[in-house]
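Order as written gives the chain letters A, B, C and D; numbering starts at 1 within each chain.
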Amino acid sequence: MHMLVCGGTGCRASASDMLYENLSKEVQEQGLQEDVQVVTTGCFGFCEKGPIVKVIPDNTFYVSVEPGDAREIVAEHAVKGRRVERLLYVDPVNKEQIADSKGMGFYKKQIRIALRNCGLIDPENIDEYLAADGYEAMGKVLSELSPEEATQEMIDSGLRGRGGGGFPTGIKWQIASKVPADQKYVVCNADEGDPGAFMDRSILEGDPHSVLEAMVINGYCIGATKGLIYIRAEYPLAINRLKIAIKQAREYGLLGKDILGSGFDFDVEIRYGAGAFVCGEETALIHSMEGERGEPTFKPPFPAQSGYLGKPTNVNNVETFANVPVIYNKGAKWFASIGTEKSKGTKVFALAGKINNVGLIEVPMGITLREVIFEIGGGIKDGKKFRAVQTGGPSGGCLTEKHLDTPIDFDNLLAVGSMMGSGGMIVMDEDDCMVSVAKFYLDFTVEESCGKCSPCRVGNKRLYELLDKITKGQANKEDLDNLRNLSMVIRDTSLCGLGQTSPNPVLSTMDNFMEEYLSHVEDQRCPAGSCKELIRYEIIPENCVGCTACARNCPVNCISGERKQLHTIDQSLCIKCNACLEKCKFNAVAII
Amino acid sequence: MTSIKLKLKESDVQQLKKVAKSFNNEPGELINVLHKAQEIFGYLPAEVQEVVAQELNVSVAKVYGVVTFYSFFTMLPRGRYPISICTGTACYVRGAEKVLDEFKRLLKVPVGETTPDGKFSITCLRCVGACGLAPVVMVGDKTYGRVTTDGVKDILKEYEDVE
Amino acid sequence: MTKIKSLADLKKIKGDLQSKISLREKSDTPEGRVLVKVAMATCGIASGSKEVMEYMIDELEKRSIDAIVTQTGCMGYCYAEPTIEVSLPGSEPVVYGYVDTKKADEIIEKYIRNQELVDGIIPVNYQTIEKDKEE
Amino acid sequence: MIKLTIDNRTVEVEKGTSIYHAARKLDIEIPTLCYMNLGDLKIEHKPGGCRVCVVEVEGRRNLAPACATECFGGMEVKTHSIRVLNARKTVLELILSDHPFDCLICAKSGNCDLQDMAIKMGVRSIPYQGEKSTYKPDFSPAIIRDMDKCIMCRRCETMCNDFQTVGVLSGVNRGFEAVVAPAFERDLDHSECTYCGQCVAVCPTAALTEVDHTTQLIRDLADPAKKVVVQTAPAVRAALGEAFGLEPGTLVTGKMVAALRRLGFDYVFDTDFAADLTIMEEGTELLDRLTRFLGGDKEVKLPMLTSCCPGWVNFFEYHFPDMRDIPSTARSPQQMFGSIAKTYFADKIETHREDMIVVSVMPCVAKKYECTREEFKVDGNPDVDYSISTRELAMLIKRSNIDFNTLPEEDFDKPMGESTGAAVIFGTTGGVIEAAVRSAYEIHTGKSLQRIDFEQLRGIEGIRSASVDFDGVEIRIGIAHGLGHARKLLDDIKAGKSNYHAIEIMACPGGCVGGGGQPLHHGNPAIIKARQKALYQEDVNKPIRKSHENPAIIKLYEEFLGKPMSEKAHHLLHTHYFDKKQKDVLLD
């Protein structure tokens, strides 16, 4: 028998290490060390009910276990084989006790559709993909469905583009299918440029065939025989695995001429991006593939009408494609049963920032931010306070406490001033200054703007400068009005999605954290203590023991004081590098 | 304008011409050819861009326009140990800026430049997709995760004696 | 490699592959082999999964344990990289996080040889669609 | 047809019409900065970049650029709602926040689209101040680039790359740093720029202007030791009036001469004189090549290309150097004029060339560069000292308190002011070749032309071809204006697909009438056509319409040159071309 004790940060905060010790002691005392083994594990993603103990092989799941419960668990469960009823999880809906973790609804928080094979199969071995139903959807579509029927299935599934815009995938295919042309193209957008999102990279590295299979299906539906994958050159591993996958699929005849005897030809080539965020926009992406500067052009014409080399082109992103084979294998109806009314299926999020379980998760649409952050994500790092969660990358917004129970889907996020985006989810804590966060995103947009249209080229620069002024305590209230007006105009007048959404980080932080802006402007104060110009470092006399650690580590030698004497900081020299605070073991340095 | 023209190695130029040919000297393959050119020469000085323009029959201005549009392309030679600091959001909120400052302080060069001995260069890059390890620093192909300001000098130390 | 010529062909190949894999993974018999999967995505490799994989291959062979070590993609537990999944014949796969060569040695000695779980297990917290399919 | 409403007024337009054009049908002028439509010349530039033309479309989330948005049935458009006005003004303020505020002393003051827009929008302050882009100004012999004033409309790029296929300019860098520049942001002087000046002609601000020689000219005019001679190109007289509020296409030859005299030039001559001379030389060369060709000489190079356009000469020197033996070796009229003025005429008035200043008034920017070519200098002294544009002349007239419109009509001085109708039409596309045909026909056949007007050679199409019957011999003629069109003809020649005997090439749209030095047409092609018409009118008005009948030219040959293509003529009136193609890389 094994007793697994959660050693995740959340559970450790509620004394799981003592629980572990107690359990081990009990096992020892009862002389069960031969039969019962106590081990710690990583986070179960259920921190709210921590600490957690799971007993296997019977999969009993104890929640909110205290160190004092150790004796009873060992005595009852290990010795007598009886579960400790009072520690079992109670289903919040039907109020029933659940013993077996497999029946717990909480495990349904994550469903892996797009990530179904990631971490399970060897991405460099096509046989493993084939054994996992690989290319079966393609086979079915090519031999049993007409292009119209296959497209209809996609429409019925309700799948929406996972790259950010959320346009219905089936409809997109249908439009491209109806434009007559001698040559059409299927393009996979793998230019994942959103800082903090890496699901596309993971899918390509973990399950490249699923994307290839979907592209063939897409080609069949719209009448394209050529596929192009536009991938960031910064993803060498993904590129390599894609190349291997393409080679293997060709060898099996799953790409190339007359696929599975259907008479349908389709092949895939790789094109490389070269580091331009704006190339995530489909017209810019197409120009880049044509060897041009990746500047977007006005739509219409849409790529479905005139895309790569002027031919009808359908562009979907990696995650969208990764969903496609499953939809045909399990049916549009099944897919549409997951998620919310207007957003079907699941979404992959890259959880990052000040959160315990940084990682990739895939959740059904409609789950709340709270569930994602505090349950799956294991809560905030180092026991700090949750401050904001940023979704949608540079196009999205910062959401706060009051949005935590908003069900996540395309429309809800848009309604609260953010965006689904490609699925980056960055969690921030009390030490993060929201004005600086907005500035960080604007810095990104300024650097990534293509410069073609004036509002984005000049406007974002001015937004950045205004924010910079605020973080330096040099702004007045009129600047705040200008900041808002400028944001609205940039949103209203920019040529492409990049400019149209770039003010979102500003607008959402202004909406949700206005008091923080006002502190900077009216009191020249940064509540999070992160704006260098608005803070100073002081030594707290009561705590200083004169260990000289701060003085020794100060890069500009602005701390003076004899050994065992109170130290002082010369504010005129201090560069606010934070070294003294990091080095002080006595909490004697503080940010004022 | 620089009056001294850089001399390119003939074998490198031949290789570049071969690459262009393998792409059928198609103007549309400009970016692919530039990627290969950067692999061959390590960077894309004006002289290399002129060869590319000639081989693909596009204007040099266009080649330069494309090179300066994409951040992956560089016209300056990188250090023998190019240091890239990820400044994606995850790394940013976990202190990438301080790590960057420390590199700049220790190497005494700004972002985008190379130390006078040609050993190190500093660049910033956007999200390598290793957010779990934030903040992330890459030196050449090697990735360092969870880098602290203290860790910076240890990273540099690794390259102290290799030459 | 021979080309797959039809959907029926494809299904047959899939059947063969699946039974081969299940024989390898699910077999209770002592002949069943240990299967180790190492998450080898960018973040895994960056935190040293390559070294772990090499170590596993070498050590399992040195210690005469009949095992297959393969690579796989990102398991999603980026905070705990490198991660590996170990499947012993007849038992559920177990995922270990923060694996370095020292930990790998412990896993070989304790878990693979003696079926004793080792600290550092990452509980799997999602449902797969295959599971759903069986229902 | 599609019905829509704009500002609550209904309008019916064809499918595919943009909101901008639909509004114009209702006389609603939506402001634009980057949009440019050169109609017949088939250049439409609508990058949708400036965002000044945004309008509100009912049901649409954001504002739509009027220039690039197509109308649809039932569309409701508002061009001046408060949302639109605020957005448009804010966008303009943003553009201005990255633009120098030196309007008072700017070369384009009073003639600047951005300034006009600021006036129209009533901009009184710039709330969004911040970093401004700064670039090193680039002074080439003909064009000045001051990119601090660039608003990224990218019109110059379209002209340089798409229309002229010269490919010197490209958008470089990105975001706030983005700007239009030659490769490696080098100076134009170090690029393959032909100085055609079409970029200057379409630039809405003073980012691209011509090199200004007016100050030098004023100084020279005031110098009693200098004899200052001026020559005016044919296209100038058809456009100069525009600068004084006259209708495009008003001929102002007489007033122009009067103005030049009042400015203090010692001799007011006409480039047309040299144009007639060009026909004598170039026509003879053509006939010579033709005769040899028809006689079976395999060595002879045909077609012969004209060589009077300096932009065009630069173009083939950079882009087709291996074909530099095809164009006529005849110098351009400007240079023939300079050469004769500083020899034949200098002797006549007993002046040393060092004491003579030859100035040209040209519709052209490339002429400024042509003056500086080493091969057109004698011991460092240039045949033509410098060239001023039509625009510079207009400015000079205004500066000198001359009321242009009330000036009397005066005649050019003799002898170098005498010219024919054939010379006048040099200023339009098709004119040079028509003039050449008029003379070549008569010289070749010995017969007198029945009809002087060769309508088949006229027009505005980019590439035209025609054939002329030379008494039983069919002479096939090609005409191209715009270097992009020229490139097509050259590619054909290179591929052996060309069967022309002679080709006329002009770098600018419409020929010199659409030159880079003319009063700005602000993208209105009707202006170019009106100027063209005026030149054909002047031709008809001339008593002599064939170059070889110009008495002053006949006298010049008698007294000085001997006969066309004589050794002296060769020395003074012909030139050779250089291979300026980018040399191969240096190898280590």
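One rule holds in what follows: contacts are C-beta pairs under 8 Å (C-beta built on N, C-alpha and C of every residue); 3 or more make two chains touch, one makes a residue touch a chain.
Keep in mind the model is a prediction, meaning the values are calculated, not measured.
Student: When the mean CA coordinate of each chain is compared with the mean CA coordinate of the whole protein, which chain is closest?
Tutor: B
Student: Between B-C and A-B, name the chain pair that shares the greater number of C-beta pairs in contact.
Tutor: Counting C-beta pairs in contact, A-B comes out ahead.
Student: What whole-number Å value describes the gap between the mean CA coordinates of chain B and chain C?
Tutor: The separation of the two C-alpha centroids amounts to 37 Å.
Student: Quick check: how many Å separate the C-alpha centres of chain A and chain B?
Tutor: Computed from C-alpha means, the inter-chain centre distance equals 27 Å.
Student: Hey, how far is the Cα centre of chain A from the one of chain C, in Å?
Tutor: Those two chain centres are 25 Å apart.
Student: So what's the Cα centroid distance for chain C and chain D, whole Å?
Tutor: Chain centres of chain C and chain D, defined by C-alpha means, are spaced 73 Å apart.
Student: Quick check: what residues of chain A touch more than one other chain, meaning two or more?
Tutor: 198, 201-202, 235, 276, 293, 295, 358-359, 450
Student: Can you list the residues of chain D that touch 2 or more other chains?
Tutor: 171, 173-174
Student: Among the residues of chain C, which are close enough to touch at least two other chains?
Tutor: Residues 42-43, 45, 77-80 of chain C each touch two or more of the other chains.
Student: Which of the chains touch, listed as pairs?
Tutor: Pairwise, the chains that meet the contact rule are A-B, A-C, A-D, B-C, B-D.
Student: Can you check the complex and tell me which residues of chain A touch chain D?
Tutor: Touch list, chain A to chain D: 276, 278, 293, 295, 297-298, 300, 446-455, 457-462, 465-466, 482, 485-486, 489, 491-495, 500.
Student: Which part of chain B faces chain C closely enough to touch in the complex?
Tutor: Chain B residues touching chain C: 128-133, 136, 143-145.
Student: How about chain A: which of its residues touch chain B in the complex?
Tutor: Going through chain A, the ones touching chain B are 192-198, 201-202, 233-235, 271-277, 288-295, 309, 350, 352-354, 358-359, 390, 393, 424, 426, 428, 432, 437, 440-441, 444, 450, 555, 577-579, 582.
Student: Hey, which residues of chain B end up touching chain D in the complex?
Tutor: Those residues of chain B that touch chain D are 1, 5-10, 13, 46-47, 49-51, 54, 58-65, 68-69.
Student: Which residues of chain C touch chain B in the complex?
Tutor: 42-43, 45-47, 77-81
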